[in-house]
Amino acid sequence: MQPVNLSDYEALAKARLDRGALDYYQGGSDDEVTLRANRTAFERLRLRPRVLVDVSACDLRTNVLGIPVTMPILVAPTAAHALAHPDAECATAQAAGAAGTLMVVSSSATRSLEDVARAASGPLWFQLYIRRLRHAEALVVRAQAAGYRALVLTVDTPRLGNRERDIRNNFEGFPTPNYDSDGKEEPFMGDTLTWDILDWLRSLTSVPILLKGILTAEDALLAVERGVAGIIVSNHGGRQLDGAVPSIEALPEVIAAVDGRCEVYLDGGVRRGTDVLKALALGARAVLIGRPILWGLAVDGAAGARRVLEILRAELEKAMMLAGRPTLASIDRTLVQPVGTAPER
Amino acid sequence: MQPVNLSDYEALAKARLDRGALDYYQGGSDDEVTLRANRTAFERLRLRPRVLVDVSACDLRTNVLGIPVTMPILVAPTAAHALAHPDAECATAQAAGAAGTLMVVSSSATRSLEDVARAASGPLWFQLYIRRLRHAEALVVRAQAAGYRALVLTVDTPRLGNRERDIRNNFEGFPTPNYDSDGKEEPFMGDTLTWDILDWLRSLTSVPILLKGILTAEDALLAVERGVAGIIVSNHGGRQLDGAVPSIEALPEVIAAVDGRCEVYLDGGVRRGTDVLKALALGARAVLIGRPILWGLAVDGAAGARRVLEILRAELEKAMMLAGRPTLASIDRTLVQPVGTAPER
Amino acid sequence: MQPVNLSDYEALAKARLDRGALDYYQGGSDDEVTLRANRTAFERLRLRPRVLVDVSACDLRTNVLGIPVTMPILVAPTAAHALAHPDAECATAQAAGAAGTLMVVSSSATRSLEDVARAASGPLWFQLYIRRLRHAEALVVRAQAAGYRALVLTVDTPRLGNRERDIRNNFEGFPTPNYDSDGKEEPFMGDTLTWDILDWLRSLTSVPILLKGILTAEDALLAVERGVAGIIVSNHGGRQLDGAVPSIEALPEVIAAVDGRCEVYLDGGVRRGTDVLKALALGARAVLIGRPILWGLAVDGAAGARRVLEILRAELEKAMMLAGRPTLASIDRTLVQPVGTAPER
Amino acid sequence: MQPVNLSDYEALAKARLDRGALDYYQGGSDDEVTLRANRTAFERLRLRPRVLVDVSACDLRTNVLGIPVTMPILVAPTAAHALAHPDAECATAQAAGAAGTLMVVSSSATRSLEDVARAASGPLWFQLYIRRLRHAEALVVRAQAAGYRALVLTVDTPRLGNRERDIRNNFEGFPTPNYDSDGKEEPFMGDTLTWDILDWLRSLTSVPILLKGILTAEDALLAVERGVAGIIVSNHGGRQLDGAVPSIEALPEVIAAVDGRCEVYLDGGVRRGTDVLKALALGARAVLIGRPILWGLAVDGAAGARRVLEILRAELEKAMMLAGRPTLASIDRTLVQPVGTAPER
């Protein structure tokens, strides 16, 4: 099968990955209610396309915290790319750069942050779990030194979610060179983290800080008050608190609370160009995709991951044209409407 | 099986068409969300029948832009009838005329517009894609000369929708004599079209102009301001922007915006006489049916296409009688009610 | 299988009836949307039981147009009982009488109305289709002479619904001695009937008149203004206009419009004692059951039909006790609540 | 299979129990609409997790009517534990005590209330059906003497629900030593019970009294006025009135009516730590679990029942941490949001 969309890549990857890796990538927590809801929530939003707009100069370029990227689609931080391909995160970084976009490198990567930075041709942000302060400090310093342009602090993991597929598989984890000499993942210990951690982080580094894993207006307001550069609306791909609100449903309240005072991103369930379009219409500056990158990587290494990005870019471009919104600025709330409601106008 | 409804014709046609043609006719774009929603949206509307009305003189006749037709059911423009039957659009035109209704002939027909006009016994409108102005101008002049009574400009196709069935099938397209000497379809290039195209069109022809593919009140207002004769509320049968609002859900806002200043039609998902009734109740002057005509054509040529129209006419007539609405004028908003809501009265 | 509920009787009957009869009984019109919705609409209503009420003296007795019955569950008019059992409507009448309730005898019965009256031990109403006035006049006179205590004029059948199962089966119908010498059913010709028919009917007979097949407040108001004794909210078991509102959803607006000025009944989808309870809570004086009587008849003649009634009576009695509503008077709107809404209080 | 959640225990128990016992435990009444709705209603509630809260000192301890327990998860009264394991309710009492929580012992237990009390290491409440006053009086006196700390009067069983699985299985019941010398269950005769029974009960005993089976604000108000110590919002696990509102949907109106004047508990459909979290967020002091305890008991006796409790405790603890609510006091209404609605804030 020649893959024509992201689902095809998932189907192909399933055939290539062993059960433990597949389930680790694919699974969510508990009953996977949020995992499924991330998808169905997009389907409940309907698009209201405009016509007779000149869309010949469709332009997807944007910038994220001032960094130019060729499209509002970034690579989300995901762990353990080595389970998908021997070139691991280095391949992913090459793919992101080749696609003209930014990668958020996970601190649970299976290559050192320096190796990934060396392999990369595009901009990188560094995702951080804070377990022990001393260790985190070292990572922050290393990341800044290696040229990472922002820190993405994940705030939804005081504990690892209850991922029963991994338990049933006796999934053994994977080496995470950024953390331990023994190479075993053990990053989720940040159960004492509070908002004060932001001051501490800022004392260590001058790069901008984003928070990943915010789902409420209340926390968005606190984040803005603390001066974060960006928020990633996320439920960790349905892998942490099961039953948590789907990302795309949480986005409007976060956007309203932030009111333009920082950039807002979204991950969770983005599989089609029209999903990107919906997130942008509801106010996201860009989206991040996680699992589909892994499917591409598993199928064809850097080329596969890049192809995933290019498919999504092409879908977004076509969707923008078909929606009569040739520029990102022209994408607004009037483009979307929940099922069974009247449009907002 | 003796077909008794439009679904039966679809089932029979599936057995007769090769995979490429079947998928081309049947498929939608991306995940076919809108394709399915076009149908389910009709089911969410409930009918409120009235009783003890004399329905013995049930009358389905109406006129469309002043042209009398025997029922408010027209033939939608669809491409490539030759894939269904060797007599192609000529057979369809005979069927429409025999059924006393109007056919909108696609500019992507597999017979020349003149051939179709010669074969037709009923009124015709000509559907237009504008790719190159010079070519479109020629088509408009030819259509008027051949007796087409209106132009239907399709406005939802600055690009072809992402139809993955065709991609997977390596569907090769079909000869479109109206366009190219080499006969390959390549009509979807109108990505620079704006509302100004209407002035240009009107400079070429005196026939009325309709816009097909409008789904929002905003565009309906612009269309009215530009003086169009009619609007066809349509999402291109779920073949263009996936996730676009179902036609029947978009209809009320278009009707409200137009406020009687032009005629409003609908296509998308009409498969039963009660679907027609619902569209009329929400304000459509008539509906157009696309795929079912192709199923009839595939099963039995002109006779099959005509039988499809006659089944739908009989269903509509019975539905009008059972609803206590024997005339088109008696069909109003009080006839429909969304699931779980109180009726509008 | 020893049947314990009405669904069991349906399952058993399916094994005993030939395809034509089964489909005639079981089927609805078109896509059977309303047939299914009649059931699912009941499931969308939730019950709010009260506790610590003395329910030891649970009393189901009521009267319908002044006629005492032992429960608010009547036998709906259905055609062609001879297809289910050789004793036909005579057996059904015996069952109804033995169960202490009233039967509405269909004018499309397969026994003459006089034969049914002779076999009956309980009160009877006569359901009337008006095809030719002379014939209807004769039926009305005969019914009154035979002791029928009310006329139930069916008003939703200007034409027979589009029942595709019967078409596919070439279902040949059945002898209807009340109508024709040749015994073929042909009753649905009342397409000229208007509200004036009520004056004509009243000129023929002194028995009360009910209208069966009303689904809107508008028609309920007209019925009240014309002085009918009762209204049966019904969509003909999903056999006439497909897509028509489920009976139980139409009931509240009819009750509100009637405002106590006549009695209101309901049929359509009643299969459980809790369904009866919901209909009573929304204002019905009693419900009528159709198909389940036929299943009982097919399984075990008069004894089976009676058992169906006794099962439903026992279910209703238990439901009333479990709901803390031991009397019919104690059943009110606060007992029901649509899914996902706050209760009315 | 090593069970990792409560569903696993159910699957394992199914393989160990005979059909009669399995169906008795698992089944609901009529069509089991409420049984299923108890689960789906939880899924319709979404969680709004907060972040950057110090959750390292997560504390699940609470007290119920002044009795300290290690978590807000109690053992619901269920009958006939002997069908699951020879140690019956004695094993369950050991499990509850070992897990640091409270068991509500059913009066339909298959061990005498004194035997269960002797086996128990933790606090017990006694669930009471009142059939004959003399007998109930004896039970109340015995329960108080045996050290039971509260009486839970079940108020939703004037009759046994219509449990068709048991009827089809000819389920013979089980010995209930608390009631009869002949050991057959026959407890549901309280159809004359009214609110006055509370005065009579209080004349017999000084222990606090809770009412189990309340689903409406109206009854909650009456209970508060009568001075009950607690209310258990319950539909008897879907085993009494089918169609009754799911417990979790009834909870908000009960909480609002009670307005802090007594403690409010919930049972029905709790299978995950996140379900407990949702019930607490909507105002429950604690939840009770019924069937899962029986699955644990069937699989592994006291150890299995305890493991069920420990799994649920661990899930709740993790859910509280992931929701940013490390204490029971921090769990409030802002944590939950119905699907498709805006959050309450």
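By letter and in written order, the chains are A, B, C and D; residue numbering begins at 1 in each of them.
We adopt the following convention: contacts are C-beta pairs under 8 Å (C-beta built on N, C-alpha and C of every residue); 3 or more make two chains touch, one makes a residue touch a chain.
The structure presented is a predicted model; accordingly, all values stated were derived computationally and were not measured.
**Student:** Determine the set of chains touching chain B that also touch chain C.
**Tutor:** Expected: no chain.
**Student:** Among all chains, whose Cα centre is located farthest from the one for chain A?
**Tutor:** Centre of mass proxy via C-alpha means gives C as farthest from chain A.
**Student:** For copies chain A and chain D, work out whether under half or over half of the interface numbers are shared, and give different or same accordingly.
**Tutor:** Interface between chain A and chain D is built from largely different residues.
**Student:** With centres defined as the mean C-alpha position, give me the chain A-chain C separation in Å.
**Tutor:** 58
**Student:** Using mean C-alpha positions as chain centres, tell me how far chain C is from chain D in Å, no decimals.
**Tutor:** 41
**Student:** For chain B, what residues touch not just one other chain but two or more?
**Tutor:** none
**Student:** On the basis of the stated criterion, which chains touch which? Give every pair.
**Tutor:** Between chains, contact exists in these pairs: A-B, A-D, B-C, C-D.
**Student:** Quick one: in the complex, what on chain A touches chain B?
**Tutor:** Checking each residue of chain A against chain B gives 4-5, 43, 45-56, 58, 272, 274, 278, 315, 318-319, 321-324, 334, 337, 340, 342-343, 345.
**Student:** Using the touch definition up top, name the residues of chain C that touch chain B in the complex.
**Tutor:** Touching chain B from chain C are residues 30-31, 33, 37, 44, 155-156, 158-159, 161-162, 164, 167-168, 191-195, 197, 211, 213-219, 222, 240-246, 249-250, 253, 338.
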